[in-house]
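Look at the two complexes coming up: chain A is in both, with chain B in one and chain C in the other.
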Partner chain A sequence: MTSYGKGLRALTLSTVATVTVALALVFFYAPLDADQGFVQKIFYLHVPLAIVSLCGFVLGGLLAIGHLRTGDRKWDLRSYVAIHMALIFGIGGLITGSIWAKASWGHWWVWNEPTLVSFLIVLLLFATYQPLRFSIEDPERQARYASVFAIVAGAFVPLNFIAVRLAQQFVHPRILTLGGGNLPGSMRLTFIVSLIGIALLYATLWKYEMAAKSARMQARRLRRSLLGGDAVRPLGRSAAPS
Partner chain B sequence: MRAALTVLRKDLTLELRTFETVPAMALFSLTTFVIFHFGLDRSTVSGQLAAGVLTVTLLFAALLGAGRLFVAEREQGGFDAFLLAPVDRNAMLIAKAAALFIFLAVLELVAVPAFALLLLGPPLWPRLLGLIAVLALADLGIAVIGTLTSAIAIHTRARDLIGPIVGLPLLIPALIATARAAGPLLQAHSSGSPPGKWLAVLALYDCVFGLVAYAVFDFLLQE
Partner chain C sequence: MIPFALSPALAPGKAAPYVIAAYIVFLAIVLIYVAIMARRLTRTERDLSELGREVDQRAVEAEHREEEPVG
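Presenting the complex of A and B:
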């Protein structure tokens, strides 16, 4: 039994420190954008959220490969938590993106904006992950099917971005081009620190949920072996691995 | 390969004897064209609009067919029989995807001429070859994803719901590429050859998901 509580305190503290530094940089160090003004600062939250959530989806697929290869259900739990967290981050990214779009382009939703649209498609796909799990009762089959879904959907993420990007004209500022983009140095530093902060936040929350879930499972198992099978109430149907 | 051919022959024989899936898909497409006629309030469509109408109709008809793909196996215990047989499990994927591809091709033999007759403004002949190329690539992707999502959905409790809601988002890139490739083809003055960029995207989609499906399909059949 892996203990997910180990190192959790250090990880939490470094997350708090990094996010604090990132916020300080965002508000006191990074310059105001010349034509968007203050609202541009949501960029330091929106873009890292979106990037981390997409990486989380792909990570969920990679962890699911571990489950199918080894047949060990703890990989399924890891993959589930990775996708679960990525969904939450993704919804955050979508909402902040929408606010930014309203502020800088005047509309809540902009269709000729490939990144926003592909992000929505990815979210729509991963929104079916929980219903899919929920409608399979046998836990072993649920884990296997969810892993298959996670792998297919993980491969879908980059392909979807290619298709949508080709289909639309560019409105979005291309900040993450291979050539380093067109961010001035102070903005880039702030952005990188924010990205690290959000990534650490994702890792911390992932670890917390893993620790909570595996502790609960362990407690159930202990109660069952100490008090007998009747003492533990059977679990209701659930989308989460059990 | 022989196992795949056997399963495919079984599926085609079943379809020829019952006429269950393909006629329903064709009828569904015709009805959808009528709905589009009234919904859009147009007697003819062309260009990107025509491509959208055709792609959406074919996609939904394909989802209809995909939903039926494994029903016989589930109801008659075909999965157990297949698992007992000493054959490669991916034979099932190949056979079912080929069956869905053939269903789609037959559907399009009916639906595309009907679309040309009922809704399409410009004549079909000059652009037929280009359209066949686009639809063949699209059918390949739809067949693979349809088989995969149908195999996932068949063992869930709400299988009629899970299949389409998982399948639709997965098919969006293929849908974009198909519609964009067919759009210029269906314009009034078209060169008759589809844009290569979108054919390449479709081919990439087919390759990636063909390989992914081949890698993971095994795990959907275990008991």
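Presenting the complex of A and C:
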């Protein structure tokens, strides 16, 4: 049994330190944007949340490959948690982006903006992951089908990203470019630290979730071996790997 | 709709509620997640302590059985 609690303390401490430094840089170091002013501070939160969320979806697909290759259910659990966390981060990115759009454009949502709509499509696509799992009762089949879905949907993420980049019409500013998105040095540093902080937060919460799920599974296994199968309440249909 | 490049900057006083709202949303998401995790952890802890009690009880019963004279 893999111990997911290993290194969790160090990871948590480094996450807290990085997020604290990032917040300090955002509010005390990074200059006010000449075009957007104070509202631009939302970018240091919204963009890393969106990037980490998209990377989390891709990670979910990569971990699902591990499940299909080995047949080991622990890979399915890892993939499930990666997608679950990415969805939470994605919703965070969507809400913070909406708040920024309202302040900057005067609208909560702009339907003719490819970046926004494509992100929503990705999010809605992965929102069907849990219902898909829930609809399949047999755990083995559930894991297999969910892995196939995670791989296909995960592959869709970079394709979607490239398609948006090729789109002509966009009002959404570009941050992720090879040239650094035209950010001046102090803003770029703040952005990179924020991105690292959010990525560390994702990794920490992933590990916490894995440790919690692993501990619960071990407790169930112990109960079953000590008290017999009747002492363990049936899990019933669940979207989470059991 | 005003194109992004032409949108005027909000004065810090007007922009502050939006910035605060965005960071509060982030904080709320993290706190809700931690609260859910804490509830799950409590449940697992309760399960483990129940199992621990069961193991202790079994050990005592086994001890009693060993002490009883055979035949």
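Simple rule for what comes next: the second predicted complex is superposed on the first by the 235 of 242 C-alpha atoms of A that agree within 3 Å, B and C clash if a C-alpha of one lies under 4 Å from a C-alpha of the other, contacts with A are read in each partner's own complex, and residues count from 1 in each chain.
Just so we're on the same page, a contact is a pair of C-beta atoms (placed from the backbone, for glycine too) under 8 Å apart; a residue touches a chain by one contact, two chains touch by 3 or more.
What you are looking at is a predicted structure, and each value in this text was computed from that prediction instead of being measured.
S.K.: Is A:I95 touching the first partner chain B, the second partner chain C, both, or neither of them?
M.R.: After superposing on A, A:I95 lies in contact with chain C but is clear of chain B.
S.K.: So, A:L49: does it touch chain B (first), chain C (second), both, or neither?
M.R.: Once the two structures are laid over each other on A, A:L49 reaches chain C alone.
S.K.: Does chain C touch more residues of chain A than chain B does, or is it the other way round?
M.R.: Between chain B and chain C, the winner on chain A residue contacts is C.
S.K.: Report for A:L63: first if it touches chain B alone, second if chain C alone, otherwise both or neither.
M.R.: The answer is neither, since A:L63 touches no partner chain.
S.K.: Quick one: classify A:I83 as touching chain B (first), chain C (second), both or neither.
M.R.: After superposing on A, A:I83 lies clear of both chain B and chain C.
S.K.: For A:S104, using the defined touch cut-off, is the partner it touches chain B, chain C, both, or neither? Pick first, second, both or neither.
M.R.: The second partner, chain C, only.
S.K.: If you lay the two complexes on top of each other, which residues of chain A touch chain B in one and chain C in the other?
M.R.: Shared contact residues on chain A: none.
S.K.: Give the list of chain A residues in touch with chain C in this complex.
M.R.: 32-39, 41-42, 45-46, 49, 88, 91-92, 95-96, 99-100, 102-107, 110, 171-173, 201, 205, 208-209, 212, 215-216, 219-220, 222-223, 226-227
S.K.: Taking the touch rule as given, give the residues of chain C at its contact with chain A in the complex, in rising order.
M.R.: Spelled out, the residues of chain C in touch with chain A are 1-5, 7, 9-12, 15-16, 18-19, 21-23, 25-26, 29-30, 33, 37, 40-41, 43-44, 47-48, 51, 54-55, 58.
S.K.: Touching chain A in the complex: which residues of chain B?
M.R.: Contact set of chain B toward chain A: 148, 152, 155-159, 161-162, 165-166, 169-170, 172-173, 176-177, 180, 197-198, 201, 204-205, 208-209, 212-213, 215-216, 219-220, 222.
S.K.: Enumerate the contact residues on chain A facing chain B in the complex.
M.R.: 68, 121-122, 124-125, 128, 131-132, 135-137, 141, 144-145, 147-149, 151-153, 155-156, 159-160, 162-164, 166-167
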